[in-house]
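These are the structures in question, set out in turn.
Presented sequentially are two complexes of chain A, the first with chain B as partner and the second with chain C.
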Partner chain A sequence: MIVLDLALNAVATGIVLGSIYALLALGLAITFGILHIPNVAHPAIVIAGAYAVVVLNRFGLDPILAGLLWSIPFYFIGLAFYEFYARSFESRGGGNTLQSLTLFFGISLVIEIALVVAYGTDLRSVRVGYVGESLRLGTVAIPYRFLVPALITPVVVFLLWLYLSKTNTGLAIRAVAHDERAVSVAGVNPTAIKRHAFGIATALAVIAGAALVITGPVDPFAGRIHIGRVFAIVVLAGMGTIPGTLAAAIIIGVAESLVMSFASPSWAPGVAFAILLATLALRPTGLFGGVR
Partner chain B sequence: MSEPLLSVRDVSKSFGAIKALGPVGLDVAEGERLGIIGPNGSGKTTLINCITGFFRPDTGTISYKGQDITRLPAYRRARLGLSRSFQIPHPFTGMTVIENLLVPMDYGATSARKELENAEEILRSVGLAERRDHPAEQLSQLELRKLELARALAARPAILIADEAMAGLSEAEIDDILSVLFELNRAGVTVIMIEHIMHAVMRYSERVICLETGQVIAEGSPEKITSSPVVQKVYFGEQTAR
Partner chain C sequence: MRISRRQFTKLSAAASVGLAAPAIWTKGRAQNRPVRVGCSASLTGPLSGTKNMVIGYELWRDDVNAAGGLLGREVELIVYDDQSAPSNVPAIYSKLVDVDQVDFLFTPYGANLTATIMPFAKQRDRFIVGILTLASNDQLKHDKFFQAAPWGPDGATNWARGFFDIANSTGVKKMAILAADTEFSKTAAEGGRRVSEEFGMDVVDFQMYPPTNRDFSAIIRNIRATEPEAVFVCSYPADSTAIVHGIQEIGLGDSARLFGGGMVGPQYASLMESLGPSLNGIVNFHLYVPEPTMKFEGIESFLDRYRPIAEDRQVDPLGFYIPPFCYAAGQFISTAVNATGSLDQTEVSNWLHENPVDTVVGQINFDEIGNWTERRVLMIQFQNVDGSGIDQFRQAGKEVIIDPPDYKSGELVPLMDARKT
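Take a look at the complex of A and B:
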């Protein structure tokens, strides 16, 4: 029975963990999954968002509310980021993946250093009433500091899915990655569409930052451990499917949690890639690639 | 003759040391059906790319309704009413047929219901109405060509450039596409047809231009072009040799 309890707890924790991973990966599902921009700076932007949330939380603002407020300036920061990227690479006919990768790696370092300079390397956290308590269902216990941010994800996933599949701008975002010329023949400015999508992805990063900082304290380098995992989730999901991103993240979350409980926590970071490799061998388009 | 709708003056384009086009000049009148023919590599596609804004010409000017559009990006030209279809249809996969048509309509100030009605009307005009909610990737070759035309029409252009819209289709299918294009022209759209299928382009066009190594070598009525020795030499000569 102890084993069963352990397994139940591991699965419950995994679902919650996966849900938070999905939130971290959603921005990347747009930039990398749909626009094919290898934005390795995404986790660093998430951490910058977490710091921004900490600042507002000092004034007593709820972190989720703070994240929502920050998402508007972050959207505009994202527009500026994309404009910089487009001018330095895409408009010059480059768009070379390796060069872009280097650029975003650089941006990620700059963000981290800027956070160190501004706030030092100490851990920062938010104050919320529910930290330290857990929801108990029989033998399963889920800390609220995980449960609350995990509950944001389904809402965000639903709204994002609705936007990308039911609005014309959402359709244009998916179309622009597919065929930029066909989009411009239709009178849509492809650069403006991609800039807007990048802005949304950056706004999502601050929501993810708010969720992450509720789960535990962050330091300027806290994004690094997530880089590999979020890319694995986006590819596993099948590049740019939004509900697929949530499903893939939960699969990885549960697998990691089971490995942590029954094997060793030191194996956990490898789980995402093990699942990814096994999946790509069988389904090169990812789990939900081609399906909407 | 009144002012041409589209006017190309001394346009040339080179890629490195290779001169792909020009200098060429041509005028297109409002409501005209113009055919552009020429062997492979004669500069037809380069010319369209210059007209629609995917290439910036090295020299010359392009004007549309009296406005110089030489330096406008493709999407701005499309908004002015200059549209094209592509040789190889690339539907937006993962979307339905109607969704493929809704992508272009977002910039307009019209309501969502109006956009939907417009898209449905265009689907009817090309004969794809009953495929409205099918995934684009499930269409037949003929239907893909029609979707390609429909997409080019979604922004309600004044000029449609159809780039080899009929290549690889059967005779009956060619007739089908031609009647769609005739109907469009009757509705007021100026059509520039780039085509290799001789009888189709001759049947459709009021005036034909023949390009060869980036130059206009002949221009005139289909009858005149068909009987032109210089055209027969570069074009029909090549075809009968095959």
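Take a look at the complex of A and C:
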């Protein structure tokens, strides 16, 4: 009976955790999965978003609402980021993976140091009424600080999927990654489209930051914990698939939670990569590669 | 050209004066130059939360200089940023010794960074004060090393023994141990297991978790399933927060009456503020708390002066954990130098080995390898924490000392009873 309880709780916790992982990975699913820009600064931008949310939360604003408000200025920051990247690298023919990695790694460090200088290195958290409480369904208990941010994910995933699949701009974002020249011929400015996509990804980062800081406190270096996992989720899902990102994240979340309950917690961080390696060996395009 | 005997004598005298002049000048200059004390500190990087240690050094330096300096010479503090990276530390200490020619050294913060320079300190026979470094001199046994923190002898495995003393005195028979998968925590957890067995307790669960873990629901459920009476936890700030939230959300069951021990985090104002009443009932280690049994000379004045500087620099506003011990580290030097009237490292070290030192963190005696002769790691229990205001922790009664008995300031309240308040 105890084993069954543990298993049920592990699966429930894993689904909730996976949803939060998906939110962290969605921005990267656009920049890396669709635009093929290895934006390793994405987790650092998420943490910058979390700090921005903490600032507004001090004035009593709900973190999720704060995240939505901050997503607008972050969208424009994303545009500026991409403009810098396009002018400094792509337009000079230097947009190869190694150079891009170096650039975004540098940006990541700059963001971390800027946060240290501005806010110090103490852990920062938000105040929400539901921390410390759980939703209890029989023997299953799900902490609200995980459940509430996890509930945002399906909504964001649905809206993003709708936008990328059913609107002209969304389709242009997908098209520009496949054939930039063809998009140009069709009268669309590929740089403007990619800039817009990067802006959306950055806006999503701040919403992910809001979710993350509800689950626990953050420090300027907290993004490093998630960097491997979010890349694993995007690749496992299959590059650029938005619903697939949610599914892949939930698979990883549940697997980690089961390993933590029934094996050793020390093995949990390796689960994402174990699943990734096994999947890529059998299905190189990822679990949902080709599904849009 | 021929040189007469008289000319040769004049030339020899002039050459002698010329050769001796730099030495005479340098000696005179050395007698006037400041007494230099140097160290590295983690001003940036993952350990930069400890950078408030510098305030402790600075206040000590200012106090010594205001009182006329050391042997009439001004004290100069030289601090370099080690960026929290062990690889940076050896070069910094070589520079401190060979280029800056410091007279005394403090170690960087903690055992990991300090491990890189202890062989150097011993090889160069340098006086060095350990800043919260655990067991850094146990192997080398350098006779000019002195520990600023109260880990006591056998600190590596015994620093948290007070938690098990409390467990034993309250009749705990079933102990669970949870520790981050890092060297410091693993050593403490293994030490905890040994002490548990020594007391005849059954270790019903022993779990390690990766330090990046932030969800403890599954782990806490596993612990609860074993129905422990006490849970010894060795964790770091972010995981400590998640664990405290976790026991509130999932629950530990009715059997648990003692929880905590080796959690890093609930010593820092930012976490105390964010966790607030969730901390009630947790018994955890600390180095200093403002309880009536800890009224050492100078500590209140130190903390009063620390506070505005900390607020200005955006570091821990309470400053109970590290800064007083950095001030005390400076007091080791100033007390011994004034007592011996010498800057000679051997004389100063010998004096410290033979005499007690009065500091802002109490009177300290050192053993032959520079550890405190008595363990004075406090086991405090959070009681009656109300709301998230940080000022409440400046008053007595919120972090009540349960162990060691000489500093006890209140009675242990069973975990669940304390959490109801």
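By our rule, the second predicted complex is superposed on the first by the 292 of 292 C-alpha atoms of A that agree within 3 Å, B and C clash if a C-alpha of one lies under 4 Å from a C-alpha of the other, contacts with A are read in each partner's own complex, and residues count from 1 in each chain.
As a convention for this text, a residue touches a chain if its C-beta (ideal position, glycine included) is under 8 Å from a C-beta of that chain, and two chains touch if they have at least 3 such contacts.
Only a predicted model underlies this, so the values are computations on that prediction, with no experimental measurement involved.
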Comparison of chain B and chain C by chain A residues contacted: C
A:123 touches, of chain B and chain C: first, second, both or neither? second
Which of chain B and chain C A:10 touches, first, second, both or neither: second
Chain B versus chain C as contact partner of A:87, first or second or both or neither: neither
First, second, both or neither for A:169, with chain B first and chain C second: first
Partner chain in contact with A:145 - chain B first, chain C second, else both or neither: second
Partner chain(s) touched by A:188 [first = chain B, second = chain C, both, neither]: first
Touched partner set for A:58, first chain B, second chain C, both or neither: neither
Chain C partner contacts - residues on chain A that touch it in the complex: 2, 5-6, 9-10, 13, 17, 113, 116, 119-125, 127, 131-134, 141, 143-146, 215-217, 219, 221-222, 225, 257, 260-261, 264-266, 268-269
Contacting residues of chain B [partner chain A, same complex]: 52-54, 73-76, 78-79, 83-84, 86, 90, 92-95, 99-100, 102-107, 112, 115, 151-152, 154-155
Chain A-touching residues of chain C, taken from the complex the two chains share: 44, 46, 48-49, 51, 181, 207-210, 212-215, 217-219, 221-222, 225, 237-238, 241-242, 245-246, 248-251, 265, 268-271, 274, 278, 314-316, 388
Residue ranges of chain A in contact with chain B within the complex: 168-169, 171-172, 174-175, 178-179, 181-190, 290, 292
